[in-house]
Amino acid sequence: MKLQGYTLPQTVTGRSSIVAPPPWHYSGEIIAVDFTAPRDAIASLLPEGLVPVPDGAASVVFADWCSASDHDDRVLADPAVGQYHEAYVVLHAMRGDRRVGRVPFIWVDSELSLLRGQIQGFPKKLGQIAMTRPVSIGRGGVRKAEGSRFAAHATSHGRRVLTASVTIATVSDRTPRAATLPLVHTRLFPSIDRSEPAVHELQLGTIADFECGTAYSGAATLDIGSTEFEELDVLKPASVGSGYVFSLAFSVTGGRVEPI
Amino acid sequence: MKLQGYTLPQTVTGRSSIVAPPPWHYSGEIIAVDFTAPRDAIASLLPEGLVPVPDGAASVVFADWCSASDHDDRVLADPAVGQYHEAYVVLHAMRGDRRVGRVPFIWVDSELSLLRGQIQGFPKKLGQIAMTRPVSIGRGGVRKAEGSRFAAHATSHGRRVLTASVTIATVSDRTPRAATLPLVHTRLFPSIDRSEPAVHELQLGTIADFECGTAYSGAATLDIGSTEFEELDVLKPASVGSGYVFSLAFSVTGGRVEPI
Amino acid sequence: MKLQGYTLPQTVTGRSSIVAPPPWHYSGEIIAVDFTAPRDAIASLLPEGLVPVPDGAASVVFADWCSASDHDDRVLADPAVGQYHEAYVVLHAMRGDRRVGRVPFIWVDSELSLLRGQIQGFPKKLGQIAMTRPVSIGRGGVRKAEGSRFAAHATSHGRRVLTASVTIATVSDRTPRAATLPLVHTRLFPSIDRSEPAVHELQLGTIADFECGTAYSGAATLDIGSTEFEELDVLKPASVGSGYVFSLAFSVTGGRVEPI
Amino acid sequence: MKLQGYTLPQTVTGRSSIVAPPPWHYSGEIIAVDFTAPRDAIASLLPEGLVPVPDGAASVVFADWCSASDHDDRVLADPAVGQYHEAYVVLHAMRGDRRVGRVPFIWVDSELSLLRGQIQGFPKKLGQIAMTRPVSIGRGGVRKAEGSRFAAHATSHGRRVLTASVTIATVSDRTPRAATLPLVHTRLFPSIDRSEPAVHELQLGTIADFECGTAYSGAATLDIGSTEFEELDVLKPASVGSGYVFSLAFSVTGGRVEPI
């Protein structure tokens, strides 16, 4: 094959491709809020084989990522490429007897992340995401410390879809559940010449070097909006639980696919 | 299948999907510039089975599109979704005895267009594109008339990749070639669990209702830049030909795929 | 004075200045919707000397502008600089016995327009604005014709502040009032060393070459939102009147200032 | 005065104003590179009363700011408002026998910062700025540690104006000069009814609570570009010196103005 590249555009060198193949590495700052939603609402957004957990648990996660790619040193080198924000909802679900996560909606502010996500089955859309970033000196920002309020929000199609905050009360003694659930994705690439998809399969990422920094937790607020283009209304929180602020890192070395 | 949608995200209604299936309709304003590049440079960017035309002809095309979808009335209804700009290079090539076009690089400023393009095999990246838009009254802009200068440029990764202008001299008696070449695309969707792509095939769009408005032509300028992430350097113009300003419309009703 | 420039940054040539002095020329496409709001709400947003009209008339105006500057040919030449969108509310008011307009809130998607506006006393903020742009061929967009629906919206701080539509029913026999009211602005530039502003005065622009294209009118919809940073709530429409779609052009040759 | 607000837009509450009056607080992460330029080039960009230092010293500074305002708690609370990036050139100069700094060009990615800067006399334009952000865990980013490469770049008008990197070699024993020079600004607000500016004066900010974190230094690279709208060409580096990566915080409590 003369033209090279894991994705389009392909060239002789392969270096114009938007995405290089895994391994991909991630180091980020997370703001997460647990909430519950009606179980039938959650069930309506799960693929076959997944059922909601009994209490309708779900989480909203905001992430300020730095990312790197073993096969493309430009991702680490150029902050405009490797760094991005994302915001997503993760529904807690049972797959057989294993607790898993499912991401029905996710927004990112990066082309690389958008397409790298589509390859994994993350249903990524472009959005505008803002998150409080901790500071270490001065009065211009807030520290990762008791009493500090971390805020985050995401906008899609000109409308606010997620607005959250966490006021740090304590250091949590456990890793926030929102970060540790293994995610079950759907890889989907449509055909152009027929109605059946060209690719339609479940995907579970292969994760390595998972690391979670000190997790701060506290009371949280969460508001879920919607747009003409996103159906988040059904997930209006029945209750809002704790919020978490923490550093997170892991690598995606590949994935396992299963038929749907 | 409970979860519906031509693309992710899938829901019960299918209305959260970023892209709806074709037919897709396009009405736009075009600024195009013909140029030539070294034949070996063009050859290096063509897939197997395509060879450069003898004179190394190529074009740069800027488009200010309005688009619509038969299966999603929101595309026409919301100008933030249906409308976008794109800029691309099209290499003129022979496929057997048929003159075709190949798009090695293309930028758009729209999520919908990015993914709708990937489905067709357009190697779309996100970019910032600006084009002179004609006016009909006043002194704030330029008219589609003799002596008017239409400018266009595209930026990717913070660097100018295409800068062009056309100064209208006359009404052209033919449809600009850049708009009429049938395009040969490569659909490519990578695997996550192995190195072979999940989808890798040629694609030729099925075009209907092609319509070209009055084409104005004149002397043109063209500058091709590059970035750390795009390999346009090889296409530095050997000569710059005429430029064109015209309205264009067509529909994509589907496509035909062929093995690579 | 060695360093030149109508605004910062100043250099020897003056050509780095963001704004060049007037005359400024404007040619644009307008979508406007008339509405009424409670008179006390309107009164609360007017400066001394202006009173609401009896019926609480107001308008929302969206504009897709091309602009030019007599003293900076780059504004016309570079579409990324001269072209921009804006969206604003105009309150109809009496100043003595003269009917005038007052713009309490306005958003633009252009740095040049933001600062050129501040110089005139337009209270411009940055926003994201989208407007249906008419097409002349094909099925990708809508024509300026009976039955066509033109939509427009504006987002500020991640929240939708204005959402409007006009469905064309007829050609209007009058120039839409929203476009013809002389505007009374407040020029305001703060001090850094004391609490009194350095500049605080009324400003009425000197307009030349006013021209309005065919005005199409019809039934309209309008939704006014708000953000944590903008106080539009008080202007929630009491009634929504007709909407208009038309081309507009004029020049600003300077202005007249009056003490507050 | 019924309508309140330090800047436009003014309302009864004053809470729609883009900027609230000082004090303003800043906490940020800095990437800075020292360089030298021809003294006559520097002289051409200085206001009367300032002369270049003998070696033609200058610096490029990138900052990732969190900011807060004593009179508007929304700045700290909303990360989309208080947080932003900026990039600027600072020329080292003598004003009498005092070494000062002068900022001839600066770009920010925030409306609040743009206008807050204009009030102080910073010649801020909008740009797109990216900076390596340090991480504390994982392989997705780089740490503030020996051998790490921090990159930064700024784009204006679709063209790269500044591209820099610092590879950390050591902990610096002094506060980087780029951060400590007192800045001499020009406040400039044009008139609309005559050619003389309405405001034209020097401004020196009143700084409090200046704090600089550990400064890492090392070899640096710097590339200065230009656009049709910015005259940076004269500042092409004669030599590139050390680079610095550090945290910085201070407050602006007001300023002192002097006639020009």
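Some notes on this structure:
Here the chain labels run A, B, C and D in written order, and each chain numbers its own residues starting at 1.
Convention: a contact is a pair of C-beta atoms (placed from the backbone, for glycine too) under 8 Å apart; a residue touches a chain by one contact, two chains touch by 3 or more.
Computed from a predicted model, the values in this text were never measured in an experiment.
Among the other chains, the CA centroid farthest from that of subunit A is the one of C. Checking A-D, C-D or A-C against A-B, more than half of the residue-numbered contact pairs recur only at C-D. Here the CA centre of subunit C is 31 Å from the CA centre of subunit D.
One simple way to say how far apart two chains are is to compare their mean CA positions; for subunit B and subunit D this gives 39 Å.
For subunit A, residues that reach two or more other chains under the stated contact definition are 78, 80, 128, 130, 153, 158. Across the interface of their complex, subunit B is touched by residues 25-28, 64-68, 76-80, 82-83, 128, 130-133, 135-142, 149, 151-153, 209, 211, 213, 247-251 of subunit C. If you check the complex, the residues on subunit A that touch subunit B are 1-3, 5-13, 15-16, 18-19, 21-22, 44-45, 47-48, 74, 78, 80-81, 104-106, 111, 114-115, 118-126, 157-158, 186-193, 195, 198-199, 203, 205, 228-231, 254-257, 260. For subunit A in complex with subunit C, the residues that touch the partner chain are 128, 130, 153-155, 158-160.
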